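In what comes next, subunit A is part of two complexes: it sits with subunit B in the first one and with subunit C in the second one.
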Partner chain A sequence: MSVVKKRRKDLTIFQKLYIPEIVKGMLLTFKHLFGPKFTRQYPEVRYEQPDSYRGRPVLVQENGKERCVACGLCSRVCPALAIEVQAVETEDEKERYPNLFEINMLRCIFCGFCEEVCPEEAIIMSKDYELTFTKYEDAIFGKDKLLVPVESLKGRIEFLRKYR
Partner chain B sequence: MDIVFALIKIVIAVAVLLFMVTYLVYFERKISAWIQDRIGPNRVGWGGLLQSPADVLKLFFKEDIVPRAANKFVHSLAPVISLTIAFITYTVIPIGNDIQLFGYNIKLVVADVDAGILFILAFTSIGVYGITLSGWGSNNKYSLLGGLRSSAQMISYELSMGISVVGVLMLAGSLKISDIINYQSGWMWNAILQPIGFITFVVAAFAETNRLPFDLPEAEPELVGGYHTEYSSLKFAMFFLAEYANMIVASALISALYLGGWNLPFVHDLGLNPTLTILFQITTYFIKILCVLFFFIWVRWSIPRFRYDQLMSLGWKVMLPLSLINLIWVAFLIYVFKI
Partner chain C sequence: MPIVTINDQKFEFDSGETIIQVAERNGIDIPHYCWHPRLSVSGNCRMCLVEVEKMPKLVIACSTLAMDGMVVHVNSLKAIAGREHVMEFLLINHPLDCPICDEAGECKLQDYAYAHGTGESRFIEQKNQKPKRVKLGPYVMFDAERCIACSLCIRFSAEIAKEDQFTFVQRGDRVTIETFPGKEFDNPYSLNVVDICPVGALTNRDFRFKARVWDMSDTKSICPGCSRGCNIDIWVRNNEILRLTPRFNEAVNDYWMCDHGRINCFKFVNADDRIDSPMIKKAGTHVSSVGWDEAISKTVSTIKRFKSDEIAVIGSPFAIVEDNYLLAKFARQVLHTKNIDFIKHINPADQDDILIREDKTPNSLGAKLAGISPRNGGLNFEQIMEGIKGKKIRCLILIEDDVAAISQDFLDSLSNLDSFIVFATNNNKSTELADIIFPSATYAEKNGTFVNFQGRIQRIRPAVMTIDLDRSLDAMSLSRLDKFGTEFDRWGKARKINARSTWRIILQIANSFSMKFNYETSEDIFLEISQTIKEFDGLDYELIGELGIQLKSYQLVEEPILV
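Now for the complex of A and B:
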């Protein structure tokens, strides 16, 4: 003997016929045929990221030189061990600069710890997310690829000053 | 001379069918995208028109993988069966009345079989073997389940399909499709005379072609890919082609049996010459087929999949009695109105 279990909400006969409900659903999908579309045509139309977006980390370039003083904190804090810094002395006021600064973009996890720990605001997460490489060597970004003029990073720096 | 005409007709039929299948895939992708508020393929060619040919070309260059444990003969036989059956059923569907060209009387059908409906029903039943054998021959649990489901489903729905067709045959008094279509001239469309039979036939056609509310043989969330899980490259393309070709045959059949085929009530009032009338009729027929195909796609992107036991109980407890009721209704029509 099977026990007939009463549902919490029994369907009415109208609903049990299925057909009216199916027609309702089909009319809904028909309306969407002509509705506005939400697709973004990607390579032509791009996403405008907010300042809180964490793209690839870059080195801030000011007056043609990097701000970095090669303290090595970013390299120390990096959980993925992606950053390598070699410091060299200089005649400038800041006394030290990195003659080698490499970020392995295959290891980077875009956590933003390097940016957070940096005392000089010298390493900043940019909005660039289009990272493609075909060789392992290409994935290790040196100073040539990392240096970005400070003007293009204004939004992010302001965001950091406000919320950090 | 007959052989030449037959060969020309075969070439045209296959070309038209392949063209329609290719663009049906594009059509389906576009409509599904629109229903989901997307744009759909629009990169390859003008507005994405070359997307499907590009996909076919891609499938040509794919590696053909046969599982080591599979039965190689059955594994490669199954897609051939599926595709052949899908193309064979197309041969008996006429697209218009006889046409007079260059002093010859040309029939607009590849094979004018007297028992056309029986031919189609028989061959679509053989189509089950394609799917079942592919399920068995791949030596994969998902494929096997898909094949089993497909055979059970197609056998259950063939019954209600056959019985709904009997209603049409009783009215037309012929198994020949062109006779059935000519019987429905004017507004004597079978969809209007026997609405229940129309609904049961359409539902059964959905189940026969494995389209969405009944696409249990390939239910992606449960069975990976269903019966074609282990297929790749051209063999997969053959299953794909067969599925869409079956869809076209089913919609051609629905419009021929229930929607009056090439009949449009006011065509004869226009006073066109015979050849133009026939061309007009052919266009009408193709437009009807397109509308039914749109309906197929529209339903697919609106209605969720049935559970397996729901499918079976719907087939045996609802569809079969409904088609029998339709049979009684048609008998009543014939007895009372003498039509």
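Now for the complex of A and C:
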């Protein structure tokens, strides 16, 4: 006694005829060929990120100086040990500032903890995601690459104040 | 014995003890700011409030004497509420300075705000404005806003440092501390107030903003500044010593250490004038770096040119017991010379009844016990000096000391030597004249022991890596960055000096003389010392431990001053 079990793969006669299935497939192709387009010409046409987007972390520059007081909390909270800070004394009211602030962008995982922990709103996740390096040294961003004027970060700062 | 009940546990106590003393002795934590076991009771922080049955109000544990039959509740609801209210008052005028405050991470106010605070402030008014960044003295910075007026610094200056340099001025929320007009806070123990200050009001100007405390590793060691041998912690980040702090040891330094030790006894380890490889003098005055093997074979061939009584060996009270022991053994068994001594560094003008000793070396007793002495008719140091002047001594071997700094007259006579072999950590006057220089590891780069003036033997441990040391493989203490970083990170690429423990260099030289000295670690040498020298009988590194141990058979002997 034997039962022939029908498998799911078994094709119907209609499917076995082959041609109608091709027509069905081509119909889908042509539907998308003439329908609305979702791709964009990337380097020329760019993606407008929402304010909740977490790109590379940057330091906020205000009146030509960094807001950062080099407290080292970002460095402490960073799960990938990407941030290194060295504080020195300044005559300003804030008493100290970082004379060295480095983020190793090969280590950074864009988690945004540094932004969240910062007591001075001095480190912010920007919308910049285009990071390519050809050398290890290039991947370590110092203050020259990290400092960004506060005006260009308005959207993200407002987002943080609203939702954090 | 009278009995007091704290948290439902019964404890015996001596009459005259306060509640907090009984609790502390028995491991019960009562939070406190202004109480310190070595200082008088002032009772003004109110943090140690506890509930005592049959007393109408909460009492402060630091100034309430324990009584027979007293029942104390540290963690009753009433006591907890009391402490929460005290915390709220203390935090009213305390600025939110934690991000820029050096105390953050080891701050009692932070810890207690976390453990005993309510977590939110009801105070919406303007906080008090007071002077910030006041330079109180050469080493201490004061921030009046952060001060919680516990008066620990005032009592420390008056009672421990014996120089009454501080006082409270003003009242209420305007209260602040000041030195007397025109006077500086400059006693030789001033930096201890930074340790006992429960907040960041008093900070160390030398360490100011150098590192966050949680980024450093700490290593238990001994201060090499004088023969007291204060127990210290060495704080290291990126393989660089950033500060020293005292470590509690009741038998030696209690909770304190002097400013000289704290400020001056680590900078030479980081300095640029460290000797970074073996060096040989070639073509007159020029010294050039060579490899270890070349320097050692050169040393062997040099020493072989001299008769044994033409050679003198100078040990060092700055070097560890093991270094001195092996040097003495090398001198007697390989060089066959009896001319062994070390230089004493005594400054009778600089000593006091608190910690500072006139002997400015950490291990002169240890050097002597290890065999650095001209026994059986050898020349002592003065006779060696004479011998060099009279050209009887033609080869001098010196470890970890600066013989040329003793006098100009003696420095000139050193040119009489045919060969001058120096083991040194940093460049000094002797290395300028040396024919062969070996780079020695400093006290922060090796394992070993010092014997202080009391005859107490104490351990030092490596805190800084040399090229021979690896932080994890050699079981050195690790900071968070050391633990999780890689060799490609900055903290993995820190400077490592090409230096070795002096005993390791002597061992290599001795074995090049076809001796068969067989030591792997300094502990191997110490075990041999403990079997051969009666003062060290039965000791090992484990027994010495973190707090050291008294050499039992050693009797304190005051000795005449040599230099």
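Note that in this section the second predicted complex is superposed on the first by the 138 of 164 C-alpha atoms of A that agree within 3 Å, B and C clash if a C-alpha of one lies under 4 Å from a C-alpha of the other, contacts with A are read in each partner's own complex, and residues count from 1 in each chain.
FYI, a contact is a pair of C-beta atoms (placed from the backbone, for glycine too) under 8 Å apart; a residue touches a chain by one contact, two chains touch by 3 or more.
All figures in this text were calculated on a predicted structure; none of them were measured in a lab.
Kindly classify A:64 by the partners it touches after superposition: subunit B alone (first), subunit C alone (second), both, or neither?
neither
Between subunit B (first) and subunit C (second), which does A:22 come into contact with in this model arrangement: first, second, both, or neither?
First partner only, subunit B.
Which holds for A:89: it touches subunit B only (first), subunit C only (second), both, or neither?
second
Looking at the overlay, what does A:119 touch: subunit B (first), subunit C (second), both, or neither?
After superposing on A, A:119 lies in contact with subunit C but is clear of subunit B.
Counting touched residues of subunit A, say whether subunit B or subunit C comes out ahead.
The partner with more contacted residues on subunit A is C.
Looking at the complex, which residues from subunit A come into contact with subunit C?
Subunit A residues touching subunit C: 69-73, 75-76, 81, 84, 87-89, 94-96, 102, 104, 119-120, 136.
Could you list, by residue number, the parts of subunit C that touch subunit A in their complex?
Those residues of subunit C that touch subunit A are 96, 98-100, 104, 132-133, 208-210, 212, 214-215, 481, 484-485, 488-490.
Per the contact definition, I'd like the list of subunit A residues that touch subunit B in the complex.
Residues of subunit A touching subunit B: 22, 25-26, 28-30, 32-39, 41.
Write out the stretch or stretches of subunit B touching subunit A in their complex.
31, 34-39, 298-299, 301-303
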